[in-house]
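Chain nomenclature is as follows: A, B, C, D and E, assigned in order of appearance, with residue numbering initiated at 1 for each chain independently.
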Amino acid sequence: MSRLYATFKYTLISVWAGFVVGPFMWAVLTSFKDANGVQGGATYLPWVQYEPTLTGWQNIFGGAGGVDVVRPFLNSAVITLVASIISLALGALAAYGLSRYRFKIGFIANSDIIFFFVSQRIMPPVVLVVPFFFLLQWANLLDTIPGLVIVTVALLLPIAVWVMVDFFNGIPRQIDEMAMLDGCGPFGAFVRAILPNSVPGLTVAAMFCAVFGWNDFFFAFRLTFTEIQTLPQAVVALNSSIPPWWTLSAAALFGMSPLILLAVWVERYLSKGSLPGVIR
Amino acid sequence: MAQIDIVDVGHTYTAGAEQERWALKPMRLTLEAARTYALVGPSGCGKTTLLNILSGLVKPAQGRLLFDGSDVTALPTKARNIAQVFQFPVIYHSMTVYENLAFPLRCRRWDKARIEARVHQVAEALGLDHRLRQPARRLTADDKQLISLGRGLVRDDVAAVLMDEPLTVIDPQLKLSLRRRIREITEQFRPTVVYVTHDQYEAMSFAQEVLVMKDGRVIQQGTPEQLFEAPASTYVGYFIGSPAMNFLTVERVGGQVTLAGRPLAMAWDVPDAPQIQVGVRPEYVKIVGEPAANVFPTRVRGVRDHGPQRVLEVELAGQLIKVKTPREDGVPATGQILVELPRAKVLPYVDGHLATTPRAADPE
Amino acid sequence: MTLDATDLSLTVDGVDHLKDVTASFQPGRLHTVIGRTLAGKSTLLRVLAGLQRVDSGSLTRHGADFLTTPVWRRDTAMVYQQFINYPHLTVFDNVAFPLKRAGVARDEIRRRVQESLARVGLTEFRRRRPSQLSGGQQQRVALARALVRGAGILLLDEPFANLDYKLREQLREEFKTLFSDQGDAVVIYTTTEPAEAMMLGDVVLVMHEGRIIQTGPPGEVYDRPATTTVARIINDPPMNIFTGRIAGGRIAVDDLQVTRVPAHLADLPDGTYQFGLRAPDIALASAGLQAEVTFVEISGSETFVHLALSGTGFVVQIDGVHDIALGDRVSMRLRPERLFAFDHSGALVRSPSSGPGSPEGR
Amino acid sequence: MDGLRRHKSMFLLPGLLTLLLIIVFPLLFTIRVSFSGWNVSNPEMDFVGGANYVKVLQDSRFWAANLRLVLLAGGTVLIQYLIGFGLALLVWRNVRARRLWRVLFLVPMMTTPVVMAAVWQMIFHESLGPVNDMLAKLGIAPVHWFTEAGPALAALMTVEIWQWTPFMFLLMLAGLLSLPKEPFLAAAIDGAGAWRTFWKVTFPLMAPVSVSAIIIRLIEASKLSDTVYVLTSGGPGSATESPGYYLYLRGLKEQQTGYAGSLSLTYLVLMVITLTIVAALLARAFKVPRQSSKAKEQ
Amino acid sequence: MNRKQLTKSLAVPVAVLAITVAGCSGSSGPEQKPDKPALFKPGSEISYAKYGKDYPTTKVKDVPGPCSYESISRKDYSGQTLKIISHAVPVIGEPTQLHARQFEEITGAKVEVVNVPFGELHQKILTPLQAGQPAYDVMFYPSLWIGDMAPYLVPVPKEYLDAPGMKDVTKAYLGVATWNGKVVQYPVDGDRHYLKIRTDVLADRKHQAAYLAATGKQLRAPQTWAEYQEIASFFGGKDVDGDGKPNFGSAEVTKRDDLVFSAFISRAAPYVKHPDVTGGVFFDVTTMQPLINTPGFVRALEDMVKAKSTWPAGGANFGLGDEIFSFGGGQALMSYSWDDAFIQAQQTDSRIRNRVAAAPLPGSAEVYNRNTRTWDKIQNQAPYFTWGWTSAVAKTARNQKMAFDYLCFFSNEANTALDLTIGRFGVNPYRNAHFDPGFWQAQGWSKDVATAYVNTLSGMEKSTNRVFDLRVPGVNEYMSSLANGVAAALAGQQTPQQALDAVAKEWTEITDRVGKDRVQEAYRNVVALEDNS
């Protein structure tokens, strides 16, 4: 590798890294400002150009002028976790069935069913939200965690199926056959022989579920009233006609923190080499 | 095609390991130009390390590698002018057969007409001349392997063709025909070939010379016939040939070797050593009717029907040996038979090494 | 306790995978199914195991319908060609798996697993995972798992095909001992190698294109192959088959007189036959038919020399390893007393082991 | 395992039925509502025939939004692909602090689009944001990020690229890491340089991953609306309206449920057709072998 | 089953179940606990200081009455939950939160508040109301939505109407809260647009001289929109206040999905509200023909498009917050909208405190007479009473008493006095008591500033040529359509005339969709307010 190429390479990497980090840096700076720090124009250096304050951060942790983020954080965590688990369970089951058995319902075959699952991602959320409202109202589940979990499952299930079908296709069929020969029923074979060997696939699916579940704003916003607030909602509640940018920034940073940890974890997985086989 | 000199080349993957633990112990070998060599041995014997050193993928921890006398140890793969056929067929998916074969030449900026002529010549030898316009990815695995080979052969100056278990993924029924074609083609183009395999059949069927490797050492180098007739060690005797060579522990009384108290005549001088074994191939052990010199009584312990032959397992002086007999000779009616160990086919081994001929290619 | 297949047929995409397969598998006996790749051997095993449906035919066990019995109740163990083990379990747990499913007591599991592992020589590896073992060791784990249960049906699908030949040789040797105390189990072993079929089998079933084309004890099948196809399949290298004429006490290929008519063929009427001769039954000699060496293979301790004799290919097997160059011209001599004669349809007319006048057939 | 017919449904059905239950009602509801005049002051399921669909055909704002989506989704996904692939190549091997870069390059994907859009709104703020401030320091006149159509589209695309390039990066890096080594060695042996190796080895081997990554991203990008909602609200005028956002305006903000229903269905049909065609075209453009999606020969 | 039945079978269960669910959960009656001892002495000092340093340390006296701290703290609402939806923090959302917390502290109730961005508020409130879902007990929203909300609201009970604080609400704002003769909204804010200027520039002799030299005119608070434009463009882009950053002439709310329609109506008011013409500004109330594309409105839109050159960077996409930061932060020299920017400028830590002045909205030198279809050359002023926040209690509220207690506590004299001084709260004068310069001087305002402010506001109350919001069902649709048109013209996608013609067409459609009779009936109320004043 020539020196010129190395320079070129690290320059490119640094430029993109700067672009990636920029918004976070700005949010960090802003989260320590107040109205005076914001309204004069862009300022960068704390103490020099503006007087840093903790107002923004106090506001999101119970300060009177903000929106409390702790409860929404817990709500988001519970919803994401439960919906991901359900989606993974149902998705893995369905994906396993689609990977191992041939289905034929009229002209509909396996690939069509897989397409049906994946195609749910094409649906614009707007199409679904009004009917969901009535559906949940009918089930008396508006503004509840179970209600949001159900809706989130609809969003995540296609992802789980998409990842897992490919993954199961990569596990030799002989393993489940052998488990059945060894006395497991079809379900037992799945649970005892296949699932324990599906950790990388499940991990990737779980990652996507976590990302899409945690970051959903649209449905959570429209299917809740006052009882349940998710984290993105709490942040958006600060997007007022006079936005308290400092509080907004603090809330945004707080809201992303768990998933940034997820990125670290995904990278570890990627480097260990378990991930590449899963995503094809 | 070049002569390859491997001068004191050794390698370890863990820095600072003592030499006994090196993946490849320092060795000195010469591979002559335009000959075919097979590296054979069980997994972990160092054959892949040696191959990677030849291809430039691994830089040896010590020693020098010479191609026709010039030192290539520090050169990257690209600069070594070698060709390689891998386990998994490697072709350029997006190209036709012709483009695949022409690729190395285009990289070398040959002119069009010259490329065209050369590609056609090689394609004809590969039997692919009528499929040049087809996308290479549509070919079967064995034809893809031929393309890999062909990409090496189009370059008329290639120093060596390395083949890394090229038949691994080939359908068993096609293995034979592919091996045959590869051999025919190499006989036609006569490059220096180094063929790596764990399969003794393949090694012996393909190469003019076979290098048997074990624990990072080349323990014998020779023609297939030499390996079979005079294994340099008990390991080679076991490794080459099916069933393996029989080894019997013998005693040395005076200047005589005895087995079960009877003298055993050999065509070789036997060294003086506390523990002597003799080796004899099951093919050469004869069932005889009359006692004579080198004839021993045995007891039949088992019979295996291999089809054209039967393999008898017999007990001789408390040791089991195998005897191969033609099918039409039938199974001996009695449990007791006499076998002859032919004088010229019984070889002495001391400490597991052949004790008559100089040990070939054993680095000291 | 037999396992009886009757007229099993399976067609996928217009290709017959099984065609009217009828066979009776006896308890306590080892059946080898020999055939080339894709002859339907694996399909047959999968049908017996319950992993594959059939289009028609029946399968009974102890006289009762077996087709409707689900896999997990068939009391069947299987060893695959690929080294299939549970990747997430240790060697010990792999072998214990079927016992746990069967609800065997813990102490009993421990005892039996240890015993099994000892028999395949893996005791010291019991805590490893399959991926940390060599191919041969992995296949031993699979064998141990198949053995440990004492299953009523034991299916082995080319279990040693993916091993290199020394290991193959070794495991083959051990195999008979390993399976000697399987009692009343029905054991079915598929292979492409005649030597395995000959060595291991109590009964050999020859499969070709989805059909069973000959069944019998190994020696019987070997000595009297019903057709040229069987003759090719049951010999390695495949039996040399060539078309020739019997006329005037001589056998001729095209215009070339190759040999005299041997005694056991003496009473055959003149005419065109297909003759079969095994590779070991041709010798290289100082004088004889002139042929060109087209290829040389070395297999274990034998050298297979491929010869071209005026357009017809012959394979000659000679003992030991010999350096023979391609393109050499050599002389070869057929051993007429070892000739098989088949009619134009390929059916066996006369074999060397049958005396003159005794008609062949089933 | 065709011998196990009876058991297979128990795997598929729980998931399939759950999805059907969750999805079919909304779909039927949307179809029905699209033939009604349901709106904010008349929330009733009456029947107005195809009137809504006639209106859809004449709704130039809707069609303009669809055309814009071709630019927004197609353009950003293409750029994301190029950058994502490029970055993956850069940190694939032989780079110092590799893991740091990889984590960094993944992070934006993990953030909530609506939240990040709010942050971007501060950044692009025309008088208080750092972008214009820095441009001013470089002597460049302030850019009207949200008040001129061109810059607004650029800002929107920047945010989309920032947010979703990591997704491409992840898929492409995973794809690269799973590539066999031999083809690269073969190319080196054949004497190919870096450029030739990329075009003749890396790129063709990555084609299947590329196609699926692009299609997945196109599917997700076609729903673009959260970012538009927070960042530009479709403005200036309707210059940055995406179909998703327009549907939201009509259906939720103005609560013209019936009309939005017919817009949604029209849009859905358009999307399915377009994506199917695009998928087929991509597969052809990348010469993906039809029989297998795996790069390795088996 | 034919298609009709099929569709019915789909819709019916939803509707039926919706009603059932609503009925069920609404039926559990509120429990009324006996009063507990008061936590506050009458007239104790009230301050927000303990809630953080974001709040002023100002102290006010608790004014006795049914809504005072003392009275409310007697109530025992422990174990009960009050659900509130409000605008995003801070505008009205923050006081909602703050008073909710106080209400919890003194009554033991549990109060859940959800804050929603402006663009979402309407549907977020209306969807559950229409579906019969008891989502919220108390709702804060712009008062002009009364037409949509009224059917679902509980009229304010008499005991609250009789409270002194309510009695003091100005006539205009009580009118705003009234629908078909019933007070259904609880007034918490009084909003109007007025002009805000920087006196340190506009009243500065140096600048006045320069302006005179350049234009030949006196520099003063602009009386007409033409003057406004002239002054704005004169000072645009120069650093005239010496803070090192360029100043701009005007900051206006121009963001489509924010409140651009209000800004536009302020600009249009003097062109379209002819003192002698009755019967509606937005529609001809007798025919319900839209007037939005008549020459008066078109002229205003042309003005606004022209004004673009005087706006700061991004000025064409300013939300209310941007406008507040721009004027309140000292960047723009003039602006017109609600009080917020002015209060922001008057915060204790503001750089331009007491360097600002309030003035009536600019007027015009001519006004369009839609009866004669001519421009009449008269000096015209027409204050615009643009919505303002309001609050209401839903019929589905479980404990209506608690809900009203919360609202009356929210708006008690002490709280309002403090809220008025916090710019970001968006709470503006709506009681007669608030029009007292002394009150504002007590907050540290200079006498001139306080007097001008109070005069401007009370002057609007006295005006007889006023414009009110289009308070009809579907108002959001009308305003959203108008915003689209204005935005299209500002973005240069259409000429003002084209844009407003399109709006007029849409308005007709909306009217048809909502029902001409319903809209007309509602609009009569508005016209009555305007014409009778």
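In this text, a contact is a pair of C-beta atoms (placed from the backbone, for glycine too) under 8 Å apart; a residue touches a chain by one contact, two chains touch by 3 or more.
What you see is a predicted model, and the numbers here were worked out from it, not measured in a lab.
J.: Starting from the defined contact criterion, work out which chains touch chain A and chain B both, please.
T.: Both-contact set = C, D.
J.: Give the chain pair that accounts for the most C-beta pairs in contact.
T.: Top-ranked chain pair by contact count is A-D.
J.: Centroid from C-alpha atoms only, then distance chain B to chain E, rounded to Å. What do you get?
T.: Chain centres of chain B and chain E, defined by C-alpha means, are spaced 92 Å apart.
J.: I'd like to verify one number: the distance from the centre of chain D to the centre of chain E, where each centre is the average of its C-alpha atoms, in whole angstrom.
T.: 38
J.: Rounded to the nearest whole Å, what is the centre-to-centre distance of chain A and chain E, using the mean of the C-alpha atoms as each centre?
T.: The mean C-alpha positions of chain A and chain E differ by 38 Å.
J.: If you look at chain E, which of its residues touch at least two other chains?
T.: 120, 127, 131, 258, 325-326, 331
J.: Counting only residues that touch at least two other chains, what does the list for chain C look like?
T.: Those would be 50-51, 70-71.
J.: Where in chain D do residues touch two or more of the other chains?
T.: 1-2, 4-5, 7, 29, 127-128, 132, 252
J.: Under the touch definition given earlier, write down the residues of chain E that touch chain A in their complex.
T.: 13-14, 17-18, 21, 48, 51-55, 83-85, 87-91, 93-94, 97-98, 101, 112-118, 120, 124, 127-128, 131, 133, 135-136, 245, 258-259, 319-321, 324-326, 328-331, 340, 344, 349, 424, 426
J.: Which part of chain C faces chain B closely enough to touch in the complex?
T.: Residue list for chain C touching chain B: 36-37, 134, 161, 164-166, 169, 192, 194-195, 198-199, 218-219, 222, 234-236, 278-280, 295-301, 317, 319-323, 326.
J.: Considering only the defined contacts, which chain A positions touch chain D in the complex?
T.: Its residues touching chain D are 1, 9, 12-13, 16-17, 19-24, 26-27, 30, 38-39, 41-42, 44, 90-91, 93-98, 100-103, 113, 116-117, 119-132, 134-135, 150-151, 153-154, 157-158, 161, 173, 176-177, 180, 185-187, 190, 211, 214-215, 217-218, 222, 231-232, 235-236, 239, 243, 245, 248-249, 251-252, 255-256, 259-260, 262-264, 266-268, 270-271, 273, 275-280.
J.: Please give the residue numbers of chain D that touch chain E in the complex, ascending.
T.: Chain D reaches chain E through residues 28-29, 32, 35, 37, 39-43, 45, 47, 125-128, 132, 142, 144-149, 229, 232-239, 249, 252-256.
J.: Write out the stretch or stretches of chain B touching chain D in their complex.
T.: These residues of chain B touch chain D: 55, 57, 76-78, 82-84, 86-90, 92-95, 103-104, 107-108, 137, 141, 144, 148, 151-152, 169.
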